[in-house]
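Just so it is clear, A, B, C and D label the chains in written order, and each chain counts residues from 1 on its own.
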Amino acid sequence: MRIAINAEEAAKLVPDGASVMVAGFLGVGTPERLVEALVARGARGLTVIGNDTARPGLGIGKLIDAGCVARVVASHIGTNPVTQRKMLAGEIQVDLVPQGTLAERIRAGGAGLGGVLTPTGVGTAAADGKRVIELDGREFLLEPPLRADVALLHAHEADHFFNLAYRLTATNFNPVMALAADCVIAEADEVVPIGVIPPDAVRTSGILVDYLVARGR
Amino acid sequence: MSMDAKELIARRVALELHNRTLVNLGIGLPTLVARYVPPGIRVAFQSENGILGFDTRPPEGMENPDLTDAGGSPISALPGAWSFDSATSFALIRGGHLDMTVLGGLQVDAAGRLANWMVPGRMVAGMGGAMDLVVGARRVVVAMQHAAKGEPKIVPELTLPPTAARRITLVVTDLAVIEPTDEGLLLRERAPGVTVDQIVAATGAQMLIRGTVPEMPIAPAPEGAPG
Amino acid sequence: MRIAINAEEAAKLVPDGASVMVAGFLGVGTPERLVEALVARGARGLTVIGNDTARPGLGIGKLIDAGCVARVVASHIGTNPVTQRKMLAGEIQVDLVPQGTLAERIRAGGAGLGGVLTPTGVGTAAADGKRVIELDGREFLLEPPLRADVALLHAHEADHFFNLAYRLTATNFNPVMALAADCVIAEADEVVPIGVIPPDAVRTSGILVDYLVARGR
Amino acid sequence: MSMDAKELIARRVALELHNRTLVNLGIGLPTLVARYVPPGIRVAFQSENGILGFDTRPPEGMENPDLTDAGGSPISALPGAWSFDSATSFALIRGGHLDMTVLGGLQVDAAGRLANWMVPGRMVAGMGGAMDLVVGARRVVVAMQHAAKGEPKIVPELTLPPTAARRITLVVTDLAVIEPTDEGLLLRERAPGVTVDQIVAATGAQMLIRGTVPEMPIAPAPEGAPG
């Protein structure tokens, strides 16, 4: 059996200036207690990699509100006017990446691949500065793998070995981010004994999870 | 018959649904298409945040915070649904497993290219999944108003940044159905009560007009619904 | 509800000369009834893509024994002396691919990617004839995507919509092959009503499965 | 103490296991390492056909045809095991998530390169997962007999096709433990009762020998086992 840490301790594992993958899609599947602990710690200068920045007061939006973020790598920021405003004010750098390319770049980072060859973005602004590879007469963008110092995950269930299972559309970026960071921290809605999550239902092995955040008391 | 422009567009697009296929509906107007699936047609709708076979919003109090659509709104799931991660979601999209995607549009040009993700000078939102959808779906149907504030949205050449280099499949507007072809934009159908001249006047690009242009058919309204 | 076909009908959907992905790892997770129906039909000239050719009398080995196969794309044929003998006799062409590269090439074929950039095989015979791409000072092989005319899958459970769930190490190549062929045919140990396999347990959606083989009577 | 060469090698390799890491054991000799996991060390063993946390063969009659190791033999699974598809399996391997792989070897050369998948002129088997394992695992330990039919397997330069360009981490044989370094092959340890001269005589490549070479420690035999 392994020992969970509390959210405050977890937040100390994310240094200022770190690159942080935060799972979730408009806040669904985002570890809110971890995010709140980062805000409480007063984290600064983070590079946040995630699908979007949710809304003010929700998920990654809380980090944006609190001024924790220097740079965002995301597919969409249209739901968060604070991100947009801070981008225009030059307070946050925003790198926009097509959503499928973002998922695949993170997967490549975790799978030891040299990059992603995608047809998405060819002939658009997403191709700016990208290497184009022609294969059998078709053009593909060579997109680099993405990794981060830390990944923050949200699971439906975790067991005492830190195996994780996700639920419905809260799955999203969690499984790919679990492989793509040097330090993986997860929070779960429920914690269960080993064996309650059967082998075919485990989506992320506990061997990949460095820390589990204890349930709130 | 009284119906607004959005309903008309949605009911026409619904006729493009093929039985037993996978379809992605963009946020906004395209979402309406799900209401008008013709009788006898069964499609699986995919939401790019990770579910196939989703259903409309559940009754108040039965929402699940772990089950939403790509706009973040609570949804339900049909029996037989499948939930999956983001990499798998875009493997489906990019890999050609979607028969069709229905997306909104800002501009379509004479070459059939779509712009729908960015207006320079305005607040940037990001492309989200739009670029992957336009590249990957077998058929891309653009559902949009024919004009915006009196300005044509169908133009000779895009003045807005393109979403993809690829030629889209069909444009369905409140005035017409237009198919981009090798020869150019082919005017296929006109909306009920709309003349070809009215369409030409509201269209910025040259169109091919071959013989008589028929009135657009539309899917029936579901039982119990007005209209 | 959809209608299952019998194995004999399924075998007719695989024309002579077709490329066929056959899931499984040393026969585990291979659809044996489909394989046997292909043998019974007297299929000829197949290109078989799979991890290995199992053993004589097992899984893909049955196709090799019966002379159905002209070409094999696999990571390993060492467990099947018949494959080795036929290769030396010039009766079967064998393309050997590192196992991880094989899995990733099939995944790329199903995911619409232009290829795979892998460090595996650099500086070895696996690099012969391959394009090498240098990225940040590291070399990667550019491996092309793999697709086939038909994929033959084995599931633990199928429901009436043809959703599939796999079991333990019988999962292996099944989920990636399900996306990488023009026609997907599955056989299952059990068939259950829709809803018995919950959304998070489905591994391949029925929308991707063209045919399900009825249970033997 | 009497033990055969394979057991000696396996018990020495077992001391390389790090707590709470993921380890892949190749087919054959490397598989034996699992028997000698030192007390207090917990590792998860991965089998590349798709399971993490597997256990030894179950009792007769309790085998499951859907649960085998990479050699096709029936295995069991420990509580907390994870089963996954082949793409995920090699994402773990190639992505650097394995602390260690233990593989058999045909040759290791002075540069620390490994050949273990093919002998030209002999029946071809294929590389299986070996190339990915050597490229991807953080540490690659080669477990092999020091010589084959009197011929050294540790050679100045590979005469067999390499498995990867990468320098492996450690070679453990029935005579010695050798570490490939920037300066060359470093003789780290000698097997019980074996002299440095005997090792040098049985080794085809030049070795670095610094001071006294200690005898190799080995993991204890598990309780209840002979030896």
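Criterion: a contact is a pair of C-beta atoms (placed from the backbone, for glycine too) under 8 Å apart; a residue touches a chain by one contact, two chains touch by 3 or more.
Note that the structure is predicted; figures quoted are calculated from it, not measured.
Here the chain-to-chain distance from subunit A to subunit C, counted in touching steps, is 1. The centroid of the Cα atoms in subunit A and the matching centroid in subunit B are 30 Å apart. Between the CA-based centres of subunit A and subunit D the separation comes to 35 Å, rounded to the whole angstrom.
Residue positions of subunit D touching 2 or more other chains, listed in rising order: 51, 77, 83, 90, 93-94, 135-136.
Residue positions of subunit C touching 2 or more other chains, listed in rising order: 104, 107, 111-113, 118-119, 166-168, 171, 199-200. Inter-chain contacts, as defined above, occur between A-B, A-C, A-D, B-C, C-D. Of all residues in subunit B, only 47-51, 64-72, 77, 83-87, 89-90, 93-94, 118, 123-132, 135-136, 161-165 touch subunit A in the complex they form.
The residues of subunit A lying in touch with subunit D in their complex are 107, 109-113, 159, 161, 163, 179, 194-195, 199-200, 202, 205-208. Contact residues of subunit A toward subunit C in the complex are 104, 108, 111-119, 133, 135, 138, 140, 142, 144, 165-168, 171, 199-201. Looking at the complex, you find that subunit C touches subunit D at residues 25-29, 51-52, 74-79, 81, 84, 87-88, 94, 96, 98-104, 106-107, 118-126, 156, 166-176, 203. Residues 20-22, 44, 51-53, 77, 79-83, 90-97, 135-136 of subunit D are the ones that touch subunit A when the two sit in their complex.
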